[in-house]
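Both of the next two complexes hold chain A, though its partner changes from chain B to chain C.
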Partner chain A sequence: MTLVSAPAEEELRGQALAEIRRILGEQRAAASASAGVELSQALVADIHLDSMELLTLAVGLENRFRVKLNEADSAGIVTVGDLVDLVVRRALAAAAAERSAP
Partner chain B sequence: MAPSSPPAIAAVGRALPPHRVEQETLIEAFRALWARQHFNLERLEDLHRAVRVGGRNLALPLDQYPALDTFQKRNDAWIRAARDLGAEAMKRALEAARLPLDSVDHLFFVTVTGIATPSTDALLVNALGLREDLKRTPIFGLGCVGGASGIARAADYLRAFPDQVAVLLSVELCSLTLQREDLSIPNIIASGLFGDGAAAVVLEGGDRRPARARFPRVRATRAVFYRDTERIMGWDVVDTGFKVVLSARVPVLVRERIRGDVDAFLAAQGLDRSRIKHWVAHTGGPKVLRAFEEALELPERALERSHRSLEETGNLSSASVLFVLGELMDEEGEPPREGDLGVLLAMGPGFCSELVLLEW
Partner chain C sequence: MTAPQPSVPTVNAALRSAAASPYSLTFLDAQERETAFTWTKVLERASAVAGGLAARGVRGGDRVAIVIPTSPAFTDAFFGTLLAGAVPVPLYPPVRLGRLDEYHRATARMLERVGAAVVVSDERVKLLLGQSVATARPRLGLVDAEELLASAPGEWVEPRPEDLGLIQFSSGSTVDPKPVALEQRHLLAQCAALKSLMPEPASAGQLGVSWLPLYHDMGLIGALLSAAYYPGPLVLIPPEVFLGTPAIWLRAISRFRGTISPAPNFAYGLCLKRVSDRELEGVDLRSWRYALNGAEPVSPEVLRRFTERFRPLGFDAASMMPVYGLSEASLAVTFSPRRAPARVCPVDARALAEEGRADAGSYELASVGRPLPGVEVEIRGEDGRARPERRVGRVVVRGPSVMRGYYEDAEATAAALPGGWLDTGDLGFFADGELYLCGREKDLVIVRGANHAPQEFEACLEGLAGVRPGCAVALGFTPPDETSEELLILAERRGAPPQDAAVEDAIRGAVVERTGVRPHTVKMLEPGTLPRTSSGKMRRREALRRYLAGQLTPPRRMNVVRMAAELARSTFALARSRLERLRGER
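Moving on to the complex of A and B:
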């Protein structure tokens, strides 16, 4: 049984991608470049993020969605889509935990 | 007439401010600040632990920092503390060199953490009673490379005036540049890494002979500039003071460039890396030190003094490499021997390197 409806999940995915584009735009000071960031692009191979930029991106997403992305998570993250999936999973889990809290 | 010997490094004096604060205490103090913007505070704590700094000696007691809420207040505090700590380092260096204060002909002053006019070297003429004909060269903006560059520039000067004494003084009070409102990742890393300290190096021209039994001479120096790397490290000077620019490219650039630069520098002297017994590297951070070790294929423990200095005091910007040099020169267990060669090296904003070949 899913606790969140599909449209809500889709909305979260859209918000996560928008936030990634916003953070990358701030970092690169070139909003036009970040606006074109797509789910299929690899964070390092295609967008050429360095370790400081990746860290800033992770922290920005944590702040916006009130989730924690730990070191172990990073192993499976290659593309923007992978990162969006992770953020959505964590945000949904956090929302579910909040609802089940006494 | 026989040519003069290369300039000699007679002594290094080091001074740390008295307010020692352990890294975990600093992390605790930063938590409330970070929580204003950040959700995952454990991640930020880990960043402060990852820089391998055990603690810092701060220019002021920890509880006095929150009141320094403007650039003017921080810089005013910097001017006072820089004068006092600089005076201490200089006195210790000259005492170790067994030279009186009035023997100094030229004072090179290096910093990147505060500004003053008259500059700190001028304040020291009054504070220490230095000579009225002292030549002064204040140098601002070299950042972490300033200690190495300062030795090189002082040595350049002494090649022209081989009967004179020059002092290089570096004072860096990084804690007084902290931008409390800047909660960016580079600033959080910088606030975990950089510390406060001062170091003075006494150099004597080649016609003089330093008092101590064993000392290095500055055999050669080389500056290397890396074009179009201006945003790798530096300050953005903003209304609130100095906002750090720090890129993850620093260790990458070390890996890409330092080996070729060192090899070319040594080859110009008819040497190669196998001849270098002592490596005096700027304590940029754990990643930078690892990059030095790997790129230069250094033996295990070659940079042990740099690692230890980083752990004990944090990165002291331009003063760091001078602290490491001081440790080496004062080594009692296995001190450098006559004929030993050493390379002192640092990198800093520009981006650039400065290499100094030392011969004992």
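Moving on to the complex of A and C:
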């Protein structure tokens, strides 16, 4: 997917949440575990994602939105919403950088 | 079989001979782009790093901690440390979205444990190491591998075969990390043994592909050091790239015509679960001669399903080779021959668990093969004597790649190497000369190929409402519906059974939050149910045995009458045994 023009932020947020649900659905055999994932839920305390699931989630989001998450990012990320915000922020920044490039 | 003689005495010498070969190390990224360095270049870069380390005050024998993800910077730092005459200590780097506070505690603990002189890291990771470094305070602080690379090449220090060549942690955590001290000759003996079992040289197409972490024996010794020793080409994939897109592993084997590629059981299972046919278009696995499967219990079902699924892509069933090893033995202890299908022994699960006998039955165990050439493996009973075939006992190992000991820990070393034999703490038996593993006497939980001390998990339950303090155990088990080892928590409740669900949920959250491992099963028990020693310590293995046998039952309540009856019974038993002894003496 290429971000030719910056899509509306809301649309991007929706896509990020959908992608998180998709990746978690793939991870957990029980589809119900991912269908109910909401922005307010804590990734670890509520959804109980383990280290491999978190890593898979990070790599999956990186691949889908062509962004780079790094090891230090974990500091501010508690909920699904935090992660969506981070991905959207990075994706918009990447799109802006692409536009300003000659 | 006698141990094959290594062709060179040290890893340093192996690297130099690799540098005279035409082969390369290739790093693959998430977009499957290649960065390749010839071994000549690898040596050149490592020489610069060695110069930089020496200029900063690193001396022969110093421990150099390396905290770098799979990348050229890792090999620069690793081989540079060896060329400087120092001892590399690879530690796991932090992961994206991982828990940093726990990471700092574990890293600081490991740095202190080996008395690291310096920590070598890269541009990204170094920003996250401040706290660990501030706690452990290595003498020469923290340096970036890239800065070291800009140094003038140093003079090579020539180590002796009996000098330390590597310290690897058998389980790295805040609880009791065990630094395994390996000498140069141990590493070389392991490489020579592996090459004797997979003898085709690189000129005949031998090529390794590995996504295994380089801070772990299978990736470091089995892939990287072996490739230098052959010498031959090696393709390295960062572990997180594999976990994110498992298909990249199989595609790399196909694209580079890989012949050797090892992985733990869970990785083969992950390919079944997460790789789609669409991702494998054009993939050809015919080159893959050695699909080594080790580092955690091997599931016969995964072996079968993997073989079936990937046979249409040219995967040869004979290539699937279960192996067994542990970091204390450098890496491998036993190795399966190439054959199809992998050998499986159906045993009677009850006789195995309760009487330690491998009678014919329907519970399948996969053979992990025969001892490596030059390695002795024995099964010993509780009396320390060798057990016959098909009788379960502790697996003990002696051979040229068994560690010197745990670094600066005489007590733990003496316990692990009684009489010069390595006590693996694993339980197993021999059948037709092949080793089968069927449990563990040591307290260890292996999840996805990584070793964890149970205390690591149990500590998470301290102070948790609804759990009796100190009355919980963490265990590794393979659930009936799963094909790899998972975490089981057995905890005695403080409170009423109706609250169990909430407490179980709190336990899951607390454990995954602090350790990154989610318990598969949490079971709440009546107070007093868990078996204890006479001094009140939890008996973990016995708890697991009873759990699996469905025999975890609460203690009987003692009343005066029952107490009197117990007393009478034991007095009677005592009298009878005295009588028997007297009879025996006459």
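Throughout what follows, the second predicted complex is superposed on the first by the 95 of 102 C-alpha atoms of A that agree within 3 Å, B and C clash if a C-alpha of one lies under 4 Å from a C-alpha of the other, contacts with A are read in each partner's own complex, and residues count from 1 in each chain.
Keep in mind that, in the parts below, a residue touches a chain if its C-beta (ideal position, glycine included) is under 8 Å from a C-beta of that chain, and two chains touch if they have at least 3 such contacts.
What you see is a predicted model, and the numbers here were worked out from it, not measured in a lab.
Superposition note: with chain A as the common reference, chain B and chain C are in steric clash.
Of the two partners chain B and chain C, more chain A residues are in touch with C. With both structures placed on the common chain, the touch criterion links A:Val44 to chain C but leaves chain B unconnected. Once the two complexes are laid over each other on the shared chain, residue contacts for A:Thr56 go to chain B and to chain C alike. Within the superposed three-chain model, A:Ala75 lies in touch with chain C and out of touch with chain B [touch as defined at top]. The clash between chain C and chain B in the overlaid arrangement falls on one stretch of those listed (261-269, 351-359, 495-503 or 549-557), that is 261-269. Taken together, the two structures place residues 50-52, 55-56, 58-59, 62-63, 69-70 of chain A in contact with chain B in one case and with chain C in the other.
Of all the residues in chain A, the ones that touch chain C in their complex are 26, 43-46, 48-52, 54-60, 62-63, 69-75, 77, 83.
Listing the residues of chain C that touch chain A in their complex gives 30, 93-100, 124-125, 127-128, 240-241, 243-245, 274, 448, 508-509, 512-513, 516-518. For chain A in complex with chain B, the touching residues are 50-53, 55-56, 58-59, 62-63, 66-70. Those residues of chain B that touch chain A in the complex are listed here as 37-40, 42-44, 47, 184-186, 189, 246-249, 252.
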